[in-house]
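In what follows, structures are represented as structure tokens.
Both complexes shown next keep chain A, but they swap its partner, so chain B is in the first and chain C is in the second.
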Partner chain A sequence: MTTTVDVAPAGSATILRIHGDITGASEAPLMDAYAAIPASVRSVVLDFGDLEYMNSGGIGLLVTLLVRAQRAGQRLLAIGLSEHYREILALTRLDEAIGIHDDEGAALAAASA
Partner chain B sequence: MTALTRPVRRLFGRAAAAPAGLDDATAAAPSVAIEQPGIAVEIPESDPLFAYLQAAPGPVDVTRLELASAALQQLRDAGVALVVPLVTQGELIGTLNLGPRLSEQEYSTDDRRLLATLAAQAAPAIRVAQLVREQAAEAAERERYEQELKVAQLIQQQFLPRELPKLAEWQVAAYYGPARVVGGDFYDFIDLGDGRIGVVVGDVTDKGVPAALVMARTHSILRAEAPRLVEPGKVLARANELLVPEMPARMFVTCLYGVLEPASGRFVFANAGHNLPYLRTDHGVRELRATGLPLGLLPDVTYEETEGEVGHGDAMLLYSDGLVEAHDPQREMYGFPRLREAMAADDADSDLLDRLLDGLHAFTGGGWEQEDDITLVSLRRAAGVAVAGWTGDRPEVALTHDATPATAGEPLLVFSIEGAIGNEREAMTRVAAAVAPLGLEGPRLERLKTAVAETVMNAIEYGSQGRADVPVDVRVDADDQAIRVQVTDRALSGPVPDAEAPDLAAKLDGRQKPRGWGLFLIRHMVDAMDVSTADGLQTVTLTLARDGR
Partner chain C sequence: MTATQPDRKPTTDGWARPVDKLTTTATTRSVDTVTGRRVAGPVQGFGQLWQKTFAVRLEGVDTDPETVVAYWKERFPTFWPKTARFYAPLSGIQPGEVALLDLPTVGSAPVKMSTGVLVIYADRESFTFMTPEGHALSAWITFSAFRDGDVTVVQAQALERTSDPLIELGYLVGFNRENDRFWEATLANLAASLGVASPAVETRRLCVDRRRQWKYVRNVRYSPVISTTVSTVTAPVRWARRRRAGGRAPE
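After this line comes the complex of A and B, so read on.
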């Protein structure tokens, strides 16, 4: 029911590892984690491998995060999404703005390209 | 006096004038006159002059009045010297606007006293006249509305068939019961000339004359195209093509069209968003499935055809919403399960439609005002030696043929949760557990879970306003074709309006708030989402077909 987000630096990118839920109630942990990322980081990878549940409130939060990242000139990428949440990101067309990759290696390769 | 009332009333209604008033005032007070026949000055309630005049003890000399008022300036510009407020029961209902005296002297104390007396006597009389006029206008409006209903009814009934087809071995029956406010139902039988019969049942959304005209147009199109094209899918596609460009906004037509071959019992049909027909055989009652969009919504729509056979002793029922959506005094809906049960009890010795209507009236009780048109068409084939069988081209239809019909009306799961934010997860988990034995495919189960969670979340946020003491009810039903989840809330925030379509670009540049994906997601997760409200409750019904996609 709760959200924890671990910040893991990975060269010019930073990985945010999400555990638990992403809902409207996840704003503080997600935004706090994002705020901890140095401005020099060019790409932020969201790792949904340990995601239990995401709802429309969570989608709204991703949009907010996307707005902030775009203002900061940072790219947003995602890994570890299940088929279902990939479908939802496609329906909401968030997949056009967030680069979705199969695994960390692919995401980091895309981030450094 | 009547001539005075309209312009004076309008003074505060919208753009205003008192032209007739001035004439009357001139007649009543010969010492005053004005050169123009009328002066149109609006005094809005927000203008300080309004409050000033409402409180003024008598005529007001506008040439000397000091007030920051746009209306005052307009009055002066129009040459008004004296304004006599017409006040009754503390309400300013108009003014008499007078120009300078013809003698070029100032208005005397006597003049003013006379005008004040006149105003005090005239104001209540004018108010009464205003009220009479308003009531007459309301009565005329009511009459116009009733008249429109009558016209709509006449148009609609004009196009219902005068007689039923007489077919050897078949008992064909139809019932059309109009609601007081016409709902736009229609049905028809079309002789295709080769022994086959086209059968139509439809419903135009919306009411009144426009809906009746759309119904008439649909009727004519089907009559013209059915004998030519014959194949139901093509007939509906053609009707859609013709209706799309001429359909009024927010209106569409649901319609089922089928071709019956009486000699063999073969029935081929296509469906534009209408209720699915029920077929009663020795094996129970079954819905025959064919899906397609309602007519008039979108161009280039294709309609799938389903083909089958009504065997000897079988009966088929086509029907409109009015029956299943009828409510009893406790606001419970008649619903599909009851219809299905009534169909199951059908036998050759009684009239199916009589039985259905008796059952409906027993359900609704006396004093029921019919909410929507009710249309029923039944096709019953006499019992014979042939073996009845339904051979749909969709395998799942054939498969369900021998299956035990689902027990109608017994839910898989019913529960309530507290309307506290976060409880949608528990609801989602419980629904998922309840439908687990049905073996829904993984991705479809995930979609159902998301739809349930989003719907319950909306119910909690809006219906319960996040209050734990305001519950949300969840009910899960399933039959052999679909899973239905009903989420009922207490509608504390009123009906939830349809959210604007989420637009990611607009959200990213801040023109839309980041949230607001809920309804969008729900609609994409399930096959149908319906919202109904009754007696302070709002129910969202999610339907997911057990096969498909």
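After this line comes the complex of A and C, so read on.
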């Protein structure tokens, strides 16, 4: 399955809604979506609610995205993660750098705090 | 997977379960520096972030990615340069398992760095290792095979930071390139084993983040530079104790 990413502005944050799989082949849709975010945005929320599958190549892409966000002075947050993918972010210790929230409201509240 | 470690069963899609402290079923001939440690990936490293891709085309070899990856997993240690040792866990390269390693420090120096890796992911076409605290690199590396037209390509792709300032210094003066040569030799050995007459390994290096993460400067407390130095200096004492106890002297 391919990856599509919708960009949804939400106040001082922007939500990237991810559909399909995230693998090493997802670089173009993920990075293109990130590139569409204005530099003034302080927080980027990744919505994994429609994620089908993510492999280790996809986790590598999240690290690259994290580096780009940190370089731009932006926070990276995540919502919509199943218990399984929460475990994977814990396994890889990405949860120490990406703030995980239960829903959009909680993430946007954290983003504006 | 072993029956004694039910919490480390792989998930249905190839991922390991999260682990707080690492344990292993592998047996090393040197020192287990991994048990009790946590994993540390690129997020927890100190040095610049590098993405390195090593690939070799299996020209003239009639095989498919799944067959190659199964073969690679089965015989993984045999493709490493002779200066390094890979002690596989009892059940092999499976998600959640920890292998122990002895790696060369500089060139073919007799002093080895003892460390390990956690298998965080494995499926039929790829597998991924993540490093523990105390490894020279905070990294993960994915080994995979895929089709490019009529040819199967094998690849190792690492996302890595050096773990601490001492190793970063070493990276600046040659360890970075030496690490590349290690994986180039490994892929060439694999390709030759599969029947490629003159394997040509292509290497791509991309510095993803030039900044050092000074908030992780304290990783130096686990630095393999320090632990290897201590281990080397105290080796005669351990040898003498083993002799007194009637044990076999280390090789």
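Basically, the second predicted complex is superposed on the first by the 113 of 113 C-alpha atoms of A that agree within 3 Å, B and C clash if a C-alpha of one lies under 4 Å from a C-alpha of the other, contacts with A are read in each partner's own complex, and residues count from 1 in each chain.
Here is the rule we use: contacts are C-beta pairs under 8 Å (C-beta built on N, C-alpha and C of every residue); 3 or more make two chains touch, one makes a residue touch a chain.
Nothing here was measured: the structure is a model prediction, and the numbers come from that model.
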Partner chain in contact with A:A90 - chain B first, chain C second, else both or neither: second
Which of chain B and chain C A:Y53 touches, first, second, both or neither: both
Chain B versus chain C as contact partner of A:V63, first or second or both or neither: both
Partner chain in contact with A:I37 - chain B first, chain C second, else both or neither: neither
Chain C versus chain B, contacts on chain A by residue: B
Chain B versus chain C as contact partner of A:R71, first or second or both or neither: second
Shared contact residues on chain A - chain B and chain C: 24, 53, 55-57, 59-60, 63-64, 66-67, 84, 87-88, 91-94, 96-97
For the chain C and chain A complex, residues of the former touching the latter: 11, 13-19, 38-44, 49, 51, 120-121, 123, 126, 128, 130, 140, 142, 157, 159, 208-209, 211
Contact footprint of chain A on chain B as seen in their complex: 421-422, 424-425, 428, 443, 446-447, 450, 453-454, 457, 502, 504, 507-508, 510, 513-518, 520-521, 524
Residue ranges of chain A in contact with chain C within the complex: 24, 53, 55-57, 59-60, 63-64, 66-67, 71, 84, 87-88, 90-94, 96-97
Complex contact set, residues of chain A against chain B: 1, 21, 23-25, 53, 55-57, 59-61, 63-64, 66-67, 70, 82-84, 87-88, 91-94, 96-97
